[in-house]
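There are two complexes below, and they share subunit A, which is joined by subunit B in the first and by subunit C in the second.
This part shows the complex of A and B:
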């Protein structure tokens, strides 16, 4: 088990390193922060001074070396726009993002899981088809279209809710719905296929042959087994809790991490973008590890393989 | 409540065994199947099966893959997927099973008629401890609860010869071998103290040495408990060895029924004769085995006459056009072949009941 955890940790470390390195190179190759932050009209001397101040005049290798060393000392750099520590800036946006993504996650699970189970249990009946058509519609509509549609209906035609902004509970409803509906649709499709797969297994027939009522067969023999693949997709959703949604936050001008990312990328605020990517990669990796541990609990076949130290 | 001691007839001669037949038992067979048909998406795979099973009887069902031998019993217990169209009558002590309410059917399944399957490792739920899977049946059909479940399940594991039975309660199916899992399946079937155990190819997925052990176990349990056994297999030799009566099926029909010894000594239907010729002899000199040429016909494209006619060495012109009914062919024997039916008159309809 220890060996297994160590391998997992090493893998997580490599993943994060790859993400950070890739982001570092791409950001530095794709544009000059001096121009985007100082503006086109800045004098060449001012720009040179800016580059010198942020170390951009040095070779990319030295910059990368300095960046990584700083991270290990807990220094994630400073925002080129505001000057404050990048990490503080990003962390200050997390509560707003989680305020959207957490209720949205609950909504996804609360709608997606029962809808998927329901559809699977009524396989090929009209109920199943209705649920699936709705689900396909729900996840093929891009979130900016869905967001704008919701604004059009609930804020403009029926002026019940605000079009955007923050402060009150009513501001949450439309962005949470926008995030939740798409995710619920994905989850519903996933849970449905997982359930259909399990319901076709011989052990379900065995459970029926034992005289266990259908409801109990579904509860005791189908749901726990279908939970195994479902946990993967929910894990991904948990992993994106902090990343938030770039599109949804922009549509509703929500002051979260996603919004900060958009602004920082446009402005080439390198440290902030890198800090966000690092944080997102870390949560993704963390939730993936959590899913792996959960696998071991849900599926005894895996926990055995793990404890024997693959 | 007072727990009835399972297999009480062996342990306590003075208690009433659940398997002894009370005087008030209704007459007639324990389980009867009449004109059972099954169709998948309009393709009929079972074309009118008539079968009966007496109390305590060991009945063998033989046929190639696709002959409908498993489908018959899955249909009888309502275990086919919902898109299967089932018609006919299946009665347990006169009570209809096919149209029974779900709650009644659930009392029969596992409680009166238990079933075990071909691949024991996939027939057990991989994420539930085997003790709990057996415990479900004990709780459902015997009213066992709490700590008694562990004791009773362990006892059943010992009964079916599962090694290290005491510690196995908490094991998962993947920690056991195929043969051990089949023993768990048998223990699970016995947990409900059924009147009938339907064993659907119980040894096909197992090693040859384990096959013999499992068959011996089934035979022992049957003689000890007095329950009826339905042994479904493609292996005529295996079935004849452990059953009293054999039903031979072909292309969704019963083609011959006979006592086990007689099916060996004097097979009536050419298909049965073909099956025997393909079987290595138990004694006497070795001989060349004769395969049956051709294949089981596709259920969606059956020949108009006898379904076995295209492969039959004794084919007559009549075989190509009419389906022979199952008729008396000696004492306690039925056969569906034109050759055995001199009085056979060409039927008006496709299918004629014997």
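This part shows the complex of A and C:
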């Protein structure tokens, strides 16, 4: 198990390093922050002073070396727009994002899992088809379309909720619904597929033939075995708690990490973008590690296989 | 003819009336204060800094007139006349000096008195050059000619330029010339601290700012113009998404929104409570040409690119005829420096074909590096123009880019969109700033014209109006047809959506003015 964890940690480190390096290079070759932040009316002297101040006049190798060295000292750079430490800025936005994504995750699970199970148990019946048509619709409608549609209905036609912004509980409802509906649809489809696969297994037939009540068969044999793919997809959703709401935050002017990422990419606020990407990569990697550990608990065969190095 | 005779009865009556006014006056002011509400503005971006000497960013310019005053100001009418600001009046003492008589009794937001010392500091390198005096400050674009500020007495100063400067008064009304409190700047101790809440004399003072979310201002009731500012305060809410800004306006969550796209005009105009505000501003949209490209180096090809464009059709189709087509790279607000009889860019496909033939153009590809609607209607406009060019035999290919950094990477070898603002309503504050030796086209190595440069240097030290006009006409000819560095498209506009019951008139620049000098307040 220790060896397994060490390998996972090494892989996580390599993944994060690759993400950070890739982001570092792409951000620097794809646009000049001096133009984005100073505006295209700024004088050449002003632009040159800006580049010097932020070390952008040095070679990319020196910039990268300085960046990596600083990270190991806990310095993630400073925001070119706000001037403050990039990490402080990013961390200050996490509560707002989690305030949105956590209820949305609960909503996804609360709707998606029962809907998927229900559809699987009523396979090929009209209820199954209704759930799946709804799920496909929820899955295929882009979140910005869904968000604007909800605003149109609940803020403009029926002025019950605000169109965006933050401050009160009412500001949360539409963005949480936007995030939750799409995610619930994805989850419902996965849970249904997993359940259908399990329900077709010989051990379910055997349990059924033994005369065990159908409800008990589902609870004791089907659900635990269908949990692996479900946990995988929920793991991804947990991983994207930090940066999974970029579009929704933009549509609702929600001051979270996603919104900060969009503004920072547009402005080429390099340190902030890199800090967010590092954080997102770390969250994703950690959640995947957690999911792997959960696999072992849900299905000890997987844990044993990993321990044996297979 | 009526004659006025003062009788004892009239005197008593006037005394009584005076007493009534004295009693009612404060109540009237209090009632007016109670009627004032907070204006909510949905803005597309957050200002990188509040002090305008640091950035020429649009969001910074939108805040500046609320917080700061200049010594002399533009009246924001199409003529862009100068009006008194913190200087009650001014007079020329010679070609390079202006004597300004400062308004007395003006207080800064922190209650400090405005004096000549604040003028000296605001226009000094210590303030204009920004943090560490690193030359970062963009104010120097308009104020670089200022040599010194001499204090005659606490309310009189003489501003001197380095040489003859016909634009000195206009410079004092332009970007970066905002007056700040020296005492408050010193007390702040650092630029970072200063930028959290800079202190000016403007009609509103800053209360708070939250990065990417809001900037909140409150009325500076001691504002020097007499009556309190029209609003109790202003909330600038940052709503980057255009559709979300529109929704916030339609839902009544904000009173005014900035940066509306032309395709939103009908939606706003069909709403009973809303209207479109704004119009042309001191800005020209053009296509920058890399004249070092073998094909684009040919003047005939460059002129053909211009002659093939039916600008009237373009402005009609994409902007509902709300934009103007300038006559040369100039604006009517240039006053004496405006050459009224200079022709608009012609639409002449026949001449375009002829010039292409003479230039030996054989259908080689011309690259048009394009951003995805960085400017409103940019992509639609480009697609229309490509067809217009095709009609005269020009083979222009669109190449999508993500940002200006990518477009301007050397070698450019292409045409690309630009939008430039007149920082001073004069050729020296507009075409010279772009096409002069320090201008973007030259700096990027896309264009040079020695005659143009020599004319510009001459213009800088020429004060006589007729001599200036002669130089300017020649400079316009070079840019327009002799050696074009750009293809002029049309004037730019700034359009806003607003509630009909909000009395506010947009100005001629990017600046927003919600103070008592706004045309709507002046009319009232």
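Simple rule for what comes next: the second predicted complex is superposed on the first by the 307 of 310 C-alpha atoms of A that agree within 3 Å, B and C clash if a C-alpha of one lies under 4 Å from a C-alpha of the other, contacts with A are read in each partner's own complex, and residues count from 1 in each chain.
Everything that follows uses one rule, which is that contacts are C-beta pairs under 8 Å (C-beta built on N, C-alpha and C of every residue); 3 or more make two chains touch, one makes a residue touch a chain.
Quantities reported herein were computed from a predicted structural model and do not represent experimental measurements.
A.B. asks: Could you check whether subunit B and subunit C clash or fit when both are placed on subunit A?
C.D. replies: fit
A.B. asks: If you tally the residues of subunit A touched by each partner, is the higher count for subunit B or for subunit C?
C.D. replies: C
A.B. asks: Of the partners subunit B and subunit C, which touch A:224 in the superposed model: first, second, both, neither?
C.D. replies: first
A.B. asks: Using the superposition on chain A described above, determine whether A:145 touches subunit B (first), subunit C (second), both, or neither.
C.D. replies: The answer is neither, since A:145 touches no partner chain.
A.B. asks: In the overlay, answer first, second, both or neither for which of subunit B and subunit C A:18 touches.
C.D. replies: So A:18 meets neither subunit B nor subunit C here.
A.B. asks: Is A:5 touching the first partner subunit B, the second partner subunit C, both, or neither of them?
C.D. replies: Touch partners of A:5: none, neither subunit B nor subunit C.
A.B. asks: Based on the superposed arrangement, let me know which partner A:164 touches: subunit B (first), subunit C (second), both, or neither?
C.D. replies: second
A.B. asks: A:205 in the overlay: touching subunit B, subunit C, both, or neither? Say first, second, both or neither.
C.D. replies: First partner only.
A.B. asks: Taking the superposition as given, does A:37 touch the first partner, subunit B, the second, subunit C, both, or neither?
C.D. replies: In the superposition, A:37 contacts subunit C only.
A.B. asks: Pick one for A:70: touches subunit B only (first), subunit C only (second), both, or neither.
C.D. replies: Once the two structures are laid over each other on A, A:70 reaches no partner at all.
A.B. asks: Minimum Cα separation, subunit B versus subunit C, post-superposition (Å)?
C.D. replies: Value for subunit B versus subunit C, nearest C-alpha atoms: 50 Å.
A.B. asks: Shared contact residues on subunit A for subunit B and subunit C?
C.D. replies: The answer is that subunit A has no such residue.
A.B. asks: List the residues on subunit B that touch subunit A in their complex, please.
C.D. replies: Touching subunit A: residues 74, 77-79, 83, 102-103, 105-111, 114-115, 117, 119, 122-128, 136-137, 140-141, 172, 174-175, 185, 188, 192 of subunit B.
A.B. asks: What residues on subunit C touch subunit A, complex-wise?
C.D. replies: Against subunit A, subunit C makes touches at 46, 48, 55-58, 134-138, 140-141, 192, 195, 210-213, 237-241, 243-244, 247-248, 250-253, 402-406, 408, 418-421, 423, 438, 440, 443.
A.B. asks: Which bits of subunit A are touching subunit B when the two form their complex?
C.D. replies: Touching subunit B: residues 124, 201-203, 205-214, 220-221, 224-225, 228, 298-301, 304 of subunit A.
A.B. asks: Taking the touch rule as given, give the residues of subunit A at its contact with subunit C in the complex, in rising order.
C.D. replies: On the subunit A side, the touching residues are 30-32, 35-46, 48-50, 52-53, 81-83, 89, 148, 151-152, 155-156, 159, 162-166, 250-253, 255, 259-260, 262-263, 268.
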